[in-house]
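Here the structure comes first, spelled out in structure tokens, and everything after it is commentary.
Note that the chains take the letters A, B, C and D in the order they are written out, and that residue 1 is the start of every chain.
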Amino acid sequence: MDYQEILNNILASVEPLRSEGKQATYIPALAMVNPDHCGIALRTLAGECYAVGDANVRFSLQSISKVFALALALHLEGDNVWTRMGKEPSGAAFNSLIQLELEHGIPRNPFINAGAIVISDILVEHLPQPENRFIEFVRALSACPSVGYNYAVALSEKKQAFLNTAIANLLKHHNNLHGDIDRVLQFYFLMCSIEMSCAELAQAFLPFANHLVPFDYDGVTLTGSQVKRMNAIMQTCGFYDEAGEFSYLVGLPGKSGVGGGIAAIYPERYAVAVWSPRLNSKGNSVAGMKALELLTTLTAESIF
Amino acid sequence: MDYQEILNNILASVEPLRSEGKQATYIPALAMVNPDHCGIALRTLAGECYAVGDANVRFSLQSISKVFALALALHLEGDNVWTRMGKEPSGAAFNSLIQLELEHGIPRNPFINAGAIVISDILVEHLPQPENRFIEFVRALSACPSVGYNYAVALSEKKQAFLNTAIANLLKHHNNLHGDIDRVLQFYFLMCSIEMSCAELAQAFLPFANHLVPFDYDGVTLTGSQVKRMNAIMQTCGFYDEAGEFSYLVGLPGKSGVGGGIAAIYPERYAVAVWSPRLNSKGNSVAGMKALELLTTLTAESIF
Amino acid sequence: MDYQEILNNILASVEPLRSEGKQATYIPALAMVNPDHCGIALRTLAGECYAVGDANVRFSLQSISKVFALALALHLEGDNVWTRMGKEPSGAAFNSLIQLELEHGIPRNPFINAGAIVISDILVEHLPQPENRFIEFVRALSACPSVGYNYAVALSEKKQAFLNTAIANLLKHHNNLHGDIDRVLQFYFLMCSIEMSCAELAQAFLPFANHLVPFDYDGVTLTGSQVKRMNAIMQTCGFYDEAGEFSYLVGLPGKSGVGGGIAAIYPERYAVAVWSPRLNSKGNSVAGMKALELLTTLTAESIF
Amino acid sequence: MDYQEILNNILASVEPLRSEGKQATYIPALAMVNPDHCGIALRTLAGECYAVGDANVRFSLQSISKVFALALALHLEGDNVWTRMGKEPSGAAFNSLIQLELEHGIPRNPFINAGAIVISDILVEHLPQPENRFIEFVRALSACPSVGYNYAVALSEKKQAFLNTAIANLLKHHNNLHGDIDRVLQFYFLMCSIEMSCAELAQAFLPFANHLVPFDYDGVTLTGSQVKRMNAIMQTCGFYDEAGEFSYLVGLPGKSGVGGGIAAIYPERYAVAVWSPRLNSKGNSVAGMKALELLTTLTAESIF
């Protein structure tokens, strides 16, 4: 059975799950997306591309963008990044303030909101035009010059961003946010608003599957070791407080977003992206998680 | 550079780290072990065995035994195990009561103490002679009939076991411990008291590196999928609240113990065991973690 | 309107509340008490005694006994008591382990379970026959030689005492319980099992209303300042995590128990005891709290 | 010994304590106050006034103002206030976000920052010119038309107000802050910036000692029962996480502020104000707490 056949089977199998779960509504602009979409795309290092369903419809990456932001921050600061945050799973909701207060403003990892806001702070601090630099990097990664921000989504999120504003203020209180709060959050919301299709997202994650060739996209360079370690962080922290479940069921490093997308990597083989907007109670796509579980089951390919 | 050469280099490199950290003393019998030991053993699926340093000196497995206990419980109960505990990283110390109270007596995973006590309860409930059954299974895994419990260590731990007794009582309060508390803890302490050398431990973990051949040891059977999923849990939960750091630095699933041992797996290739008794503040062997980091760096072999 | 008339009115007013709330059932022997009882007794320093309803039916004091235990410990150890616990409201449930772990085995105050277990440890440590000494003291306070322990209730509680056993073990782990855990808990359960009627309980609390005359009961002596400070602790910590509500509604220092009793004090005037077994979600008697609120409203007598 | 003599003695006794503790510095403008000040003023319902030390030097009320704000909110909304916050001691630091997140945006009481910000929201919502209305009310209470805001202090606090801004955003997230965040915080900081001398502050608290005469100041009216209940809240919640200690040592309802002031009440007798800027680790004036402890010890007058 080849990948295309497997993807076809998966799409058929997750069909009944499309209607399970609940679309994210806390960002009003996201609530208007048709929640019935479902798509999968898989790209191999060998250059093959497989796709089913709505694999060419763009959706809001949301937290998936945090992977690109971390890559850019590691390029700029290297291991200094880890003086400002940890790399441990949080064991708590992605937007919780409790752990951040108990741990004196040091976020647990770069993929919870607090960590990604610190990463945004790093980018805003280093780069003269962070929004431009970031989107050019992401365009290079995805090999797609038409990828861009959705300003309406960013603005919509900003209007309801009380929790993220609370987090940013708590970080500032602990001297772990150097820039202006509004400026940093502006970047953060834009970063999360990027839209891609599954096909584009699979392409954008492919470089993280390939630690053996030099990572160099629009001048953003990482070592093979850095690429592998980003996978390690995705594995332990990529799925909010469901990282263990995902690791158990799927066995691939990856990152999910509340837009309903999930990107995952099979190192030295492929990158895969799925999208289905309805989420489980942890904020991960119901059909998306099942699709990836079926993928590693049917291919018998996982990192373990 | 072959594995033996690499192990030789690693032993030389971690030499200065042997004296860093602090040996566990809360179990008095463990405090009497010479803390200067250091050994490494690596066994491949192809049947090769490499060893350096004190690789043939036995030490107390402690939490490493929880992997064997989970395997036996999964054999007996399958996925029913997960009705009584989660598979998420805890983000907290291995002996904390806080999360257990907040989450109503459902341990986060089978590798924190609370989870391993529930696993012990399952084994005591199912098996007429759990201590016998368990050690026979472990002997089969390690291909070493002389492996056994250290009753003095178990007794020594029992005398100071106030935290574990508190955990067991809290579990009982939430109806998540069915058996008699003293009986279950007796098994738990014995299970943790098993002694092996690095060479024996590497052998005992080798079956978990090999999901492609049937897992059947002394009648304990697991499917390939179950074996892979045990690796997933080791990856996200195997190192207390340092699982992310280990995943980042080493990139292999594994399990550590406060005796100073660490066992890890490179799926489809090898199992490796290191031992050095001095621990960092998280309870993991200082020299042991460094040794494994060097192993995956020098071999460029990790799961990511 | 004199006190008798007021008590009559109160009993009539709280009549419909008798059936609200839920009797404590976690101690099986307490679950067998008829939950429809309701009684009030009030004794003045001038020697008057007023009573209505079931004021002469004995009930299980439970946590109310902690006041007597604290008095005896203060007599024995004076301010040394406060090296082993605080005097702050806990802001948490009376049987929670979370705060105790976070605060390294130092209970917040002597009226949550953890604190009362440490008080029990002090008494067991100091007294050759703590059960005898304690009951003699309580008999002297209540001027009633027939007051005694209910061994069946103590035994019944012991059998389900997983949470309190967890607390005692956590205290022991932090070196804040010196004696044998079982011995200390045995005393603790007996202490809580004392039975009195409202009339007897009002008498037993009267000495705490009277800091101007020497406190000396069966040789247990306290200074006027110590008596006043016990009132202060009752005011801030006497009602679990509902101390603020009781202070707001009633405005008297006091102590409640899960048997449905409440004793309270109007310094330099009177002591009052109420009993009605059905409890609100915080563990305090529904009709009892209302009765005391009516008492201070109708008499316009509160400490504020 | 009359009150004046007692105050003289107290001032002499606390002299060595003036240099203990640390002045609050998180509000830069407050850090410039001479920390050696110490003053006490006591006013009786009978109209007597006693004072020692720097009793006529004005200082920043900070959290003490929260008492006046609560009085105004109770006048405007009555018991509806309690639908938006509790009246329980928090058992945590005054600026903690943890409890607020766990309890879904409902502050524990009106005297922690979160509660006082909700009170500010109520005042801003109800009053066309809340700053004017509030200061007129406070001038009437203190019988001193020259009392006013210190705009420099308010501005200074605002610039560093990351924690309070985080709190306000978390409240807003939970729909427990109706107005504009910046507008509400502007009022909050001004409210806290009011300056009074001990003599003026004792006058301003005197009405709360007097529940028997109608409370009516500049049209702000409260019932006697409301006045008493405000005392109850001061008793259990007035001293951050040191309310139990203050109740134990002093035995009077009161409220402290990080400017180093404390106001307290002996119902039906007097109001007292002390000021000494150096604070203990809980944020309460070291010399001030000792002075009040001596006052109730030397006069043998406390509520218990």
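In this section, a residue touches a chain if its C-beta (ideal position, glycine included) is under 8 Å from a C-beta of that chain, and two chains touch if they have at least 3 such contacts.
On a predicted model such as this, the values are computed, not experimentally measured, just so you know.
Participant: How short can a path of touching chains from chain A to chain C be, counted in steps?
Facilitator: When the steps are counted carefully, the minimum from chain A to chain C is 2.
Participant: Fitting on CA atoms only, what is the rotation between the copies chain B and chain C? Please report it in degrees, nearest 5.
Facilitator: Result for this pair is 180 degrees.
Participant: Could you tell me the distance, in whole angstrom, between the mean C-alpha positions of chain A and chain D?
Facilitator: About 47 Å, centre to centre.
Participant: Which integer distance in Å separates the CA centroid of chain A from that of chain B?
Facilitator: 32
Participant: For chain B, write out the residues touching at least two other chains, lowest number first.
Facilitator: Correct list: empty.
Participant: Touching residues of chain D toward chain C in the complex: what are they?
Facilitator: Residues in contact with chain C: 86-92, 99, 108-109, 211, 224-225, 228-229, 231-233, 235-237, 241-245, 247-248, 251, 253, 267, 297, 300, 302-304.
Participant: Across the complex, what residues on chain B touch chain C?
Facilitator: For chain B paired with chain C, touching residues are 96-98, 101-102, 162-163, 165-167, 169-170, 172-173.
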